[in-house]
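Some notes on the structure that comes next.
By letter and in written order, the chains are A, B and C; residue numbering begins at 1 in each of them.
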Amino acid sequence: MGQHDLNRRQFIKTVGVASVAAASMGMPFIHAKASDTKFQGKTLRLLTWSDDTGLAALRNIAATFEAKTGAKVIADRTGSTSEMVAKLKAGGDRPQYDIITLAGVGAEGLAAAGLLEKPDLNRIPNIVDVPKQYQTGANGHGIGYLLWCNSLIYSTRTVQEVPNSYAALWDKDQAPNIFLPPPNWTEAMDLIIIAAKLAGGDEHNIEPGFKKLAELKDRVVTLGENPNQIAELFRTGSLDMGGLYAPAFFPKQIRDPNYGLGATFGMKEGFYTDLMLSVMPKNRPGDTDLAYAFLDHSLDPLVQGKMAEDIFNGPVNAKAIISAEARKSPYILTPEQIADKAIMHDNAFLATVHDQWIRRYTEIFSS
Amino acid sequence: MSSPLKGLIRFQPTLPGDTGRFAGILSGFILLLAVMPILTMIVMSFSGASNLDFPPSSYSLQWYQAAWKTFVSPDSSDVLSLGQALGTSLLVSCLTMVLATLIAVPAAYALTRCEFRGKAVALQLMSLPLVFPMVVLGLAMLLVFDSLPFHLTTSRLVIAHVILALPFVVKNCTAAMLSIGTEVEEAAQMLGASPMRAIIDVVVPLMKSGILAGMLLAFIVSFNEFTVTYFLYTIDVMTVPIWMYSRTVSSLDPTVFSFAVLIVLIDFVLIWALEKLVGEGGVSF
Amino acid sequence: MQRQVALHGAGNFSFTEITDMQHPNLTRSVGEAPVRPPRAISPTARAWFFLTPSMLFLAVLIAASLLVLRMSVGTKGAEWTGFSLASYAQLLEPYYLKSLLLTLRLALISAVIAVVLAIPVAYTMSRLQSPLVRRIFLAAVLLPLLVNLLLQSYGWLVILGPAGMLNKALLGLGLIKRPIMMLYNQNGVLMGLVQTAFPLAVLPIASAMRGVSRSFEEAAATLGASRLQVFRQVVLPMSMPGIITGATLVFAYNASSFVVPLLLGGRRVPMLAVMVHDQIAPLMNWPAASAAGVVLIVTTLIIMTLSEYLSGRRRRMLEASQ
């Protein structure tokens, strides 16, 4: 009972009237291309997130795809939690979807269960503009389509200087009350690595990291399972800093001065990202050419730019078109910033230590 | 909620055996504490501000208007409207309530009135759904239903909900049956009733309050069940908690509280109606 | 337990049964069922006949339980074909043992608190005259279990949070210097556990108290007992089966609680169900999740059996003393 497992890929539904208006106008920027009739009348079944990433994907990817090809996209927009991956795995061999969009960890799980088909990259022309490391994930079973970017969140009221290093989290005077990500999120894994690096270790020499994290214990108010609770704690002055956490959780609150909420990607150590993937299940009800066309469309520079502006996450296409207006926002990342500062963890390596690290992290912060 | 309540308690006759004023006030206070977060939520749903400041700086119906809009003209991106989800929820909950009660009464009879081989096993089985961690149960049930050669949609939700509600209903019926001595049944049989008639005509009516408590719980368990339902719902059969989930994970504006107040209202009306139904028959709840 | 002799057909009557036939209400056997002449339908068959409809539904649950049991001895990636006891061995590590103990402790304390609070509420409910108050009471009892806990957790944040109403009041009165943390620790979890499971304690106890005939109370009062004495010496002992049932329900419900530690514990109170959940996703280690689940289920079942035994004995004692 209740709404648990608040998946981290949840966004505040405030992407602005502009994008909604654009969607209702049938996305004129892409409508001109509606000439190919090969897929007319065909149907693609898409499983995407229930939150605003999912909504944005419907507006910016599915709707424009329909306009371009004449195909129909039926979207199940309820797959936002990790239970959904468990659900897919349990009901695995039933053909339900042509394309599923999900996080790297989930894709790895489905791939390991042998439920995914390896896409042929030659059938996805737009992929040439995607830097190598963002092209595929889950051992080649997934095609990257956006970067989930994590920041340090801070209170603009109590933190005087915008932090420029993760070491700020350990600064008692600047940030007496902090929050950290919950152990089951990949953000927690990244934080462990950050702590290790600050203490002179790295992901293969992780012990110093746990020691360093333990120093934070008494100042940790909560492990932020629920972004809305976190925002409330900031608003009421009960938190000073926290992370890793995506600003995409708080677009509305960041704009509202009542919350005094700030976020920064500008750490000298770089910012941590997680590659979101599109995958093709082995058993698909629909047309394979159509599925490939959809994958290709999701990497279109225009679509990539719109997605980035819409939901504050990094585009994977290096040629993504971001408007001049959007470039001014500190929360909308450009391909250049990503090329410069983005750090991507090694999912395959993390999978080998995930269990142990979750335990250590849980133990350290148990109250 | 509490001030008229305490006033009424004070006017209770103080015959021996009637509620003592102390117990009444104490329980009023305990219940007030228990519903405190819900009261806060109700107040916030009337907030005129856009954040969760408490107490709100101004009051308005803006969030109810927003909620109403969602109700009458659902977002085209929603697969199902709240109305459809509500329909499904009510159907599933009613079926669950009726089925769970129909199977629980004979079960409770067997468990209280008969000594038989395998009783301990039966008792354990009945309480199994209570102790199953929900996520494991949801996953396991999905695996079971998927291995069936035929497809179930609404009915698999009903089956799962009946199982989840069963311990509550059985416990209530058992407790009620225990409070009725075997003598009434025996007396009925002495007067010529068959054993089955004695149960249906004498024991069951006496159990009414326990049965109704069980029915109510079955309905409530079903109406609010989330975790197991999450694994078992399909795209066209979605219940209100699932709908709410997909609406509310991402945003927290007081619209969500307005929806919650709507659900509270539905439950409140149900409790009211049920109480009224049995109240006239002299059965207290 | 006594059947009418006439129903038993011809046969050798025992003396007790003949007495029973004459005074069916006056003497009641205590403890075991009386010796009965053979009948066409055995009591076991009859009982299972009554249980059949529920067993049909529970078959799904049995199948699910067997699946979980099978998975728990599987290996990750080969849940149905592998065989290993590694998942169980892993549960012996301090990390899981500590979590199991914590879970049982919190469930137990929450059951005790819930029952203590439920007794006055249930007593009031069972004796209320006014239908209006009865309805409001019932609604107030049920609502905390009913309303989505995510939404309730915002309510708690407003009341008990570091900048909540209570802390503000205490600061204002000068009773504390710094806000005290009432959420995101074991106390917060405990409070949530009691609050959500409260109806599970109140309903069975109220049901049992309603069963205690008011005439008993009146008789005791006539004999000069004070109201408190009547309550302590008549009502409370006679509703003991309901109290034990209530406590057991709360315990069992809370032992597998997941949402409460998540939302009110700030993920810092590692109850076992939270760990089970981590194993299902993101770790996808279903054998580990199943094994932890099996241990949780078995432990709770043992405690429930114990309480069933206790309340059964209590009931028999009550019957004997009547």
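The working rule: a contact is a pair of C-beta atoms (placed from the backbone, for glycine too) under 8 Å apart; a residue touches a chain by one contact, two chains touch by 3 or more.
Everything numeric in this text was worked out from a predicted model, so none of it was measured.
K.L.:
Give me the ID of the chain with the smallest distance between its Cα centroid and the all-protein Cα centroid.
P.N.:
B
K.L.:
Could you quickly compare B-C and A-B and let me know which has more C-beta contacts?
P.N.:
Between the chain pairs B-C and A-B, B-C carries more contacts.
K.L.:
Give the label of the chain whose average Cα location is farthest from that of chain B.
P.N.:
A
K.L.:
Just give me the whole-number Å value for how far the CA centre of chain A lies from that of chain C.
P.N.:
41
K.L.:
At what distance in angstrom does the C-alpha mean of chain C lie from that of chain B?
P.N.:
16
K.L.:
Indicate the whole-number Å distance between the mean C-alpha point of chain A and the mean C-alpha point of chain B.
P.N.:
37
K.L.:
Give the residues of chain A touching no fewer than two other chains, as numbers and ranges.
P.N.:
Touching at least two other chains: 1-4, 6, 81, 83, 86, 228, 232.
K.L.:
Residues touching two or more other chains, restricted to chain C: which are they?
P.N.:
Residues 145, 148, 150, 153-154, 258, 277, 280.
K.L.:
At least two partner chains per residue is the criterion; list those residues in chain B.
P.N.:
Where chain B meets two or more other chains at a single residue, that happens at 52, 134-135, 139, 143, 224, 227, 241, 244, 248, 252.
K.L.:
Provide the residue numbers of chain C that touch chain A in the complex, in ascending order.
P.N.:
On the chain C side, the touching residues are 77, 95, 145, 148-150, 153-154, 157, 161-164, 179, 181, 183-186, 258-259, 262-263, 265-270, 275, 277-278, 280-285.
K.L.:
Please name which positions on chain C make contact with chain B in the complex.
P.N.:
Those in contact with chain B are residues 1-2, 4, 7, 24-25, 28, 32-33, 43-44, 46-51, 53-58, 60-65, 67-68, 117, 120-121, 123-148, 150-156, 158-159, 165, 195, 198-200, 203-204, 207-208, 210-212, 214, 217-218, 221-222, 227, 230, 241-242, 245, 249, 252-253, 255-256, 258, 272-273, 276-277, 280, 286, 289-290, 293, 296-297, 300-301, 304-305, 308, 315.
K.L.:
So in the complex, which bits of chain B are touching chain C?
P.N.:
These residues of chain B touch chain C: 1, 5, 8-9, 12-13, 16-20, 23-24, 26-28, 30-32, 34-41, 44, 52, 54, 99, 102-104, 106-107, 109-111, 113-120, 122-137, 139-141, 143-145, 159-160, 162-163, 166-168, 170-172, 175-176, 178-180, 182-183, 186-187, 189-190, 195, 209-210, 213, 216-217, 220, 223-224, 227, 241, 244, 248, 252, 256-257, 260, 263-264, 267-268, 271-272, 275-276, 279, 284-285.
K.L.:
So in the complex, which bits of chain A are touching chain C?
P.N.:
Within the complex, chain A touches chain C at residues 1-6, 81-83, 85-86, 89, 105-106, 109, 112-113, 177, 182-184, 186, 220-226, 228-229, 232-233, 236-238, 354-355, 358-359, 362-363, 365-367.
K.L.:
In the complex formed with chain A, which residues of chain B make contact?
P.N.:
50-52, 77-79, 134-135, 138-139, 142-143, 146, 224-227, 230-231, 235, 238, 241-242, 244-246, 248-252
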